[in-house]
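Everything on this sheet refers to the single structure shown next.
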Amino acid sequence: MEDVIWNLKSDNVISLLKEGKRVDGRALDEYRPISIQKGISENADGGARAKIGDTEVASGVKLIPGTPYPDNPDKGTISTGAELLQFANPEFEVGPPREAVIELARVVDRGIRESKAIDFKTLCIREGELVWIAFIDSYVLNDDGNLFDAMALAALAALNQTKIPKLEDDKLVKHEYTGKLKMLKQPLLFTFAKIAGEVVLDPNFLEWKAMDARFTCSTADDKTLCAFQKGESGSFKASEIDECIEIAFKKGKDLRKLV
Amino acid sequence: MPKKDEKIEYVKGGKRLDGRKVDELRPIKMEVGVLPRADGSAYIEWGQNKIIAGVMGPREALPKHTQNPYKARVSYTYRMATFSVPDRKNPRPARREIEISKVSGEALERAIFLERFPNTTIDVFVEILDSNAGTRVAALVAASLALADAGLPMRDLVSAVGVGKAGGEIILDLNKDEEDAPDAVDIPLAILPRTEEIVLLQMDGLLTKAEWAKSLKLGIEGCKQIHEMQRQALRKKFAEAEAKR
Amino acid sequence: MEDVIWNLKSDNVISLLKEGKRVDGRALDEYRPISIQKGISENADGGARAKIGDTEVASGVKLIPGTPYPDNPDKGTISTGAELLQFANPEFEVGPPREAVIELARVVDRGIRESKAIDFKTLCIREGELVWIAFIDSYVLNDDGNLFDAMALAALAALNQTKIPKLEDDKLVKHEYTGKLKMLKQPLLFTFAKIAGEVVLDPNFLEWKAMDARFTCSTADDKTLCAFQKGESGSFKASEIDECIEIAFKKGKDLRKLV
Amino acid sequence: MPKKDEKIEYVKGGKRLDGRKVDELRPIKMEVGVLPRADGSAYIEWGQNKIIAGVMGPREALPKHTQNPYKARVSYTYRMATFSVPDRKNPRPARREIEISKVSGEALERAIFLERFPNTTIDVFVEILDSNAGTRVAALVAASLALADAGLPMRDLVSAVGVGKAGGEIILDLNKDEEDAPDAVDIPLAILPRTEEIVLLQMDGLLTKAEWAKSLKLGIEGCKQIHEMQRQALRKKFAEAEAKR
Amino acid sequence: MPKKDEKIEYVKGGKRLDGRKVDELRPIKMEVGVLPRADGSAYIEWGQNKIIAGVMGPREALPKHTQNPYKARVSYTYRMATFSVPDRKNPRPARREIEISKVSGEALERAIFLERFPNTTIDVFVEILDSNAGTRVAALVAASLALADAGLPMRDLVSAVGVGKAGGEIILDLNKDEEDAPDAVDIPLAILPRTEEIVLLQMDGLLTKAEWAKSLKLGIEGCKQIHEMQRQALRKKFAEAEAKR
Amino acid sequence: MEDVIWNLKSDNVISLLKEGKRVDGRALDEYRPISIQKGISENADGGARAKIGDTEVASGVKLIPGTPYPDNPDKGTISTGAELLQFANPEFEVGPPREAVIELARVVDRGIRESKAIDFKTLCIREGELVWIAFIDSYVLNDDGNLFDAMALAALAALNQTKIPKLEDDKLVKHEYTGKLKMLKQPLLFTFAKIAGEVVLDPNFLEWKAMDARFTCSTADDKTLCAFQKGESGSFKASEIDECIEIAFKKGKDLRKLV
């Protein structure tokens, strides 16, 4: 029954796209309105909420001292978690599919990690013994499609205002800080949906349900790519990928001003 | 944070450490209808606490064997974000969160006309984004608003507050410093304000009968202040909705 | 089908209560017969079985050396576990509801912890390094209603005869002890059921199934309250709570003689 | 407990370390019908071992796909209380407990006329409250009594005992000290006493064929002693039940 | 293994560290039909990588609510044996394995005429026995052969390869030493060779647009070499099957 | 439906056995063809694949430094894992029964452990501090019955070629070794199925489905037993067990030449 309704809605998305139109009237390469709210939790070392249209994600960062990996004794690291809260998408009565949430977290993670936005050496406290682990945990509050870009935005905004806690005898001193986390790059994700042969930027929920294939492109700055992720059962032509990359660079300039 | 063994006067010249009077609530802000995809929702800031609540339902209870042919069931989930507490919270639900979810859901059941929705579930989910004492009562207040926002027929709103003891004084709405007092007693309390029925009541710490009597009185007064704020928040939401028509 | 039978049984409980009578003939504020059997396991550091009517719980205590919490370097602690064995209540074919068992364990835990029955400082072995953790694990053998009070009784009886193991080089010496665990208070739980407007002490299984609301009151001694827990979807009037507290203090005098 | 490397004579002048003869069981006490809510139950004390067993069923097997249209299935659960062993046991089922549950349930299946109860499950649950070697056989003996107490039609009781080697000697019903011998061999054995069919047999440790032959003979004799005690425990129960009428 | 900070020339005189040219694959061996009980199977050795793939289905999707009335679903499981990596792998599925399973299964879906098998599942399982860079693409190549071996109607085979950058050079089929280069970029790529449709594409590391263009060209050529090997492996299998008749 | 098919197949197994014949023409005490392939993973410290007929298992060994048990400070240990891969037995759509796999792993483990094939003292690196733990993990690739014997064979073959890694500062040096793991015994399993009163060695898949009872006998060498395991709901006579033991010793001589 529900399947039938979704099929009808998808048919509508598709027939409009055939005429070059999107269900919400946007241009094919247009983002929905974006807003960012900082400082969502005093207990977090950094935090922010990001909205793309009605899609909303809250991200918080906690810096925790831990032991470094044996093969990287002088480097801290990040750990990126994602959760889709039950009210974000009432469709998932028994929770969202686990693999989809893991993919989401890992793509956001790679955007940050592979861009080298954080110099992990600056997270070293004492070589071989103690380093900072930055736990970046994101909660989807409302899912109106394109969680990837919204979560990347929220996570980046949270990192941009993250403070480094004070340590005494290797233990955290609560609510005291020694400085700010240094961000070398401003990595962002740009997600495209391919629907009945057309490629659109920032798919909303209806488009998300109707899409055949998904492509996410992460840029580290205005001329460097740092991660790709193709998903879903459809395919892309090489030329389509190239167009997506062009748009990602173009949109990146605007978005980086916001975070 | 005061050391636990230090001698502290928690109320001095009628004022508490944060300047409040013994019967004074922390600053509270409530907003109704904040989540487009949920059937009902609310956001609350109560002191440092920041909490978002969403309601889905009534919808068919699944799996089938959980259906009650006489009434809806309420499934309440209280969760803390990893970054909502001073130490990072493990993302897995803690036993504390499971217990709070159970008693909070039971408290809400009394307020809803459940018998009108047999075989269904009403799912209430609250996420704590920031915390500083009293999250379970603040969450319950937000959840109650979200239920009303979802248009569920209710006997009354659920209004809730923390009350208890610190430094020998009975005070309303303890903050974290007060909860850390050596003799601290914390009493989360929720009532249906119209009938003053008690729907949630827990207590931790050593208390005499006289202290309990005083606490209960203070708590019920607190709940009634909360109730007034809840009504205002709902009126604001409905006025806005009306204006949009 | 089963629901129908329970509804009929509950109707009977209610119609008797309307005449002031309980299904098993007790007064509203009367406990079922209580008995305690000590020494149920030589491998436990303390152990006991408690019966209230046909409700039976076995509790055992193990003291294990562990590291203290950073914010309480000079204090040991307790950890309270509860399990409802499958044969205790054949109704639960696939195990009892997890939340109910967690609530049970936590209410029993708070009764012990908040009463300050154990001075956690006496469980310190070496400040900041090694403390005793008292694992109090309880198993419900037969569930004829009111597991709360029976488990609290069994746990208290077990603690009352717990011996402190001998340590050599920070390791346990098996079956050797250095003394007894010191109990400063005798905390107990008193559970009431509200059924169709009537409040009864120590509900049996039929009453448990018929109840609208539950109230548990823990007393540390004959004049100090130490924990409350209201449960289920019904409500209590303030005056009803006060009556329960009165009865709890009155009954506590008798029960403390037993443990 | 003797050090593992020490030279110990486990049998000296015909007597074992605890004074028993090589073919002598530890003191055993059995009681039938101890759990009011279970369909059948029994309690056993065997040396230091203290075990309680309960039976539920036959009842409909759920979920449906686990039903066998030809016969009942037996689900056996062997669990140790956290405080039943010298070191605290982790409450989560260990792999050892899962394996013991599997082979013990299979051993009981042979004893019951399962084909009379198609599509059902017979749930057997045993909890070890105290332990000192030989819990799986003691549990099986108690479980067998609980099945009889539940009135299930049985081919025979299952009788079980441990047998094995310590210090070069073949002995019946090893205790923990004997199981800790450097050359210890432990053989849990269960039979249907009437036909001497072997329904449970495990073994750990190095053994020659001759030693095995001797062990089996001793084990079967031990099982028959156990069988006699089981019959007495059941007679006592039924006599009491009769008296109560 | 070179230290990460060392200055290494990854291509010198047209040759890579292991002697290969920039556009040269490691030695590859493919075998089809290696598991008697699976519906289709294949084994691949690709450099040090050793991977076995099996296909079961199409068969009824269970539980029922996972059925799609319009088409079959592909369930792909990528797992590494504990001993397949330098450090022992925890036997529990890692998040990396779950993500790879998801995108690989989606890549295969495009190749199969799924709409012919409504309400069914096609289960693809690959186990990595030994590894040295590029396991996900090697696994996908083996899985594609296993699907063909199972006789499933396919639009095309899926051919896959890794491509990327090390020491500033764009190279085909990176090995572990090259993946450990300080500036390494790894791009797993899978296509349907006939139409050159891209069905899997991931990327890690810093890359310019020009480098990406060069990588994609090299990758597509690599996929076509792989495709030819896949066709030979299938021909060999069918010739043997024919001979056995 | 499937049950019906299996019943028919089992009827065939049984009626042939009544005439003294097996479905695949073997003698009652005859193994299927056995082959062993060594060196299946360069990343393993030892590895092998073993086939008994169409039943195939891959085993690999990893030696990892760890802390010894307090009561055995001078001894390393083994840890034996088993997994039935999904394609090994398509019957198990949602995975094989967990208890069966645990039993399998534990019987293989006891065969190795109780035979004293490995002197755990030779796995000690530094008494009380560091010992080798040999992780022996086996994967069933194809299940055509009698996984027990095939897994024991694969595990033994893997152990026989296991090398001991080099340590530097207590950390593993990758791909360097200091010697071979010393095997004192060659323990093997021999599994028998009792089907309608007949006992057969090495049951294939059809026989496995038809069997009433199972008996596995592990021998450490040509005259020492080291583990037994009886399984399934049928029973054995003492004389049948004795015959199984005789056959196990006889067959052991041949099998030990293979590994």
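By letter and in written order, the chains are A, B, C, D, E and F; residue numbering begins at 1 in each of them.
The working rule: a residue touches a chain if its C-beta (ideal position, glycine included) is under 8 Å from a C-beta of that chain, and two chains touch if they have at least 3 such contacts.
Keep in mind that what you see is a predicted model, and the values were worked out from it rather than measured.
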| item | value |
| --- | --- |
| Per Cα centroids, the chain farthest from subunit C | E |
| Separation of subunit C from subunit D, taking each centre as the mean of its C-alpha atoms, in whole Å | 32 |
| Distance from the mean Cα position of subunit E to that of subunit C, given in whole angstrom | 58 |
| Inter-centroid spacing, subunit E versus subunit B (mean Cα positions, whole Å) | 52 |
| Graph class of chain-chain contacts, one of line, ring, star, complete, other | ring |
| Order in which chains appear around the ring, subunit E first, subunit F after it | E, F, D, C, B, A |
| Subunit D residues touching subunit C - in the complex, by the definition given at the top | 1, 35-39, 41, 48, 50, 52-56, 59, 62, 77, 79, 81-88, 91, 123, 125, 127, 129-132 |
| Contact set on subunit D toward subunit F in their complex | 69, 74, 95-96, 98-99, 101-103, 106, 109-110, 187, 192, 195-209, 212-213, 216, 220 |
| Parts of subunit A lying in touch with subunit E, wherever the complex brings them together | 3, 98-100, 102-103, 105-106, 110, 114-116, 215, 220, 223-238, 241-242, 245 |
| Residues of subunit A touching subunit B in the complex | 40-45, 47, 54, 58, 60-62, 64, 81, 83, 85-90, 93-94, 135, 137, 139, 141-144, 172, 174-175 |
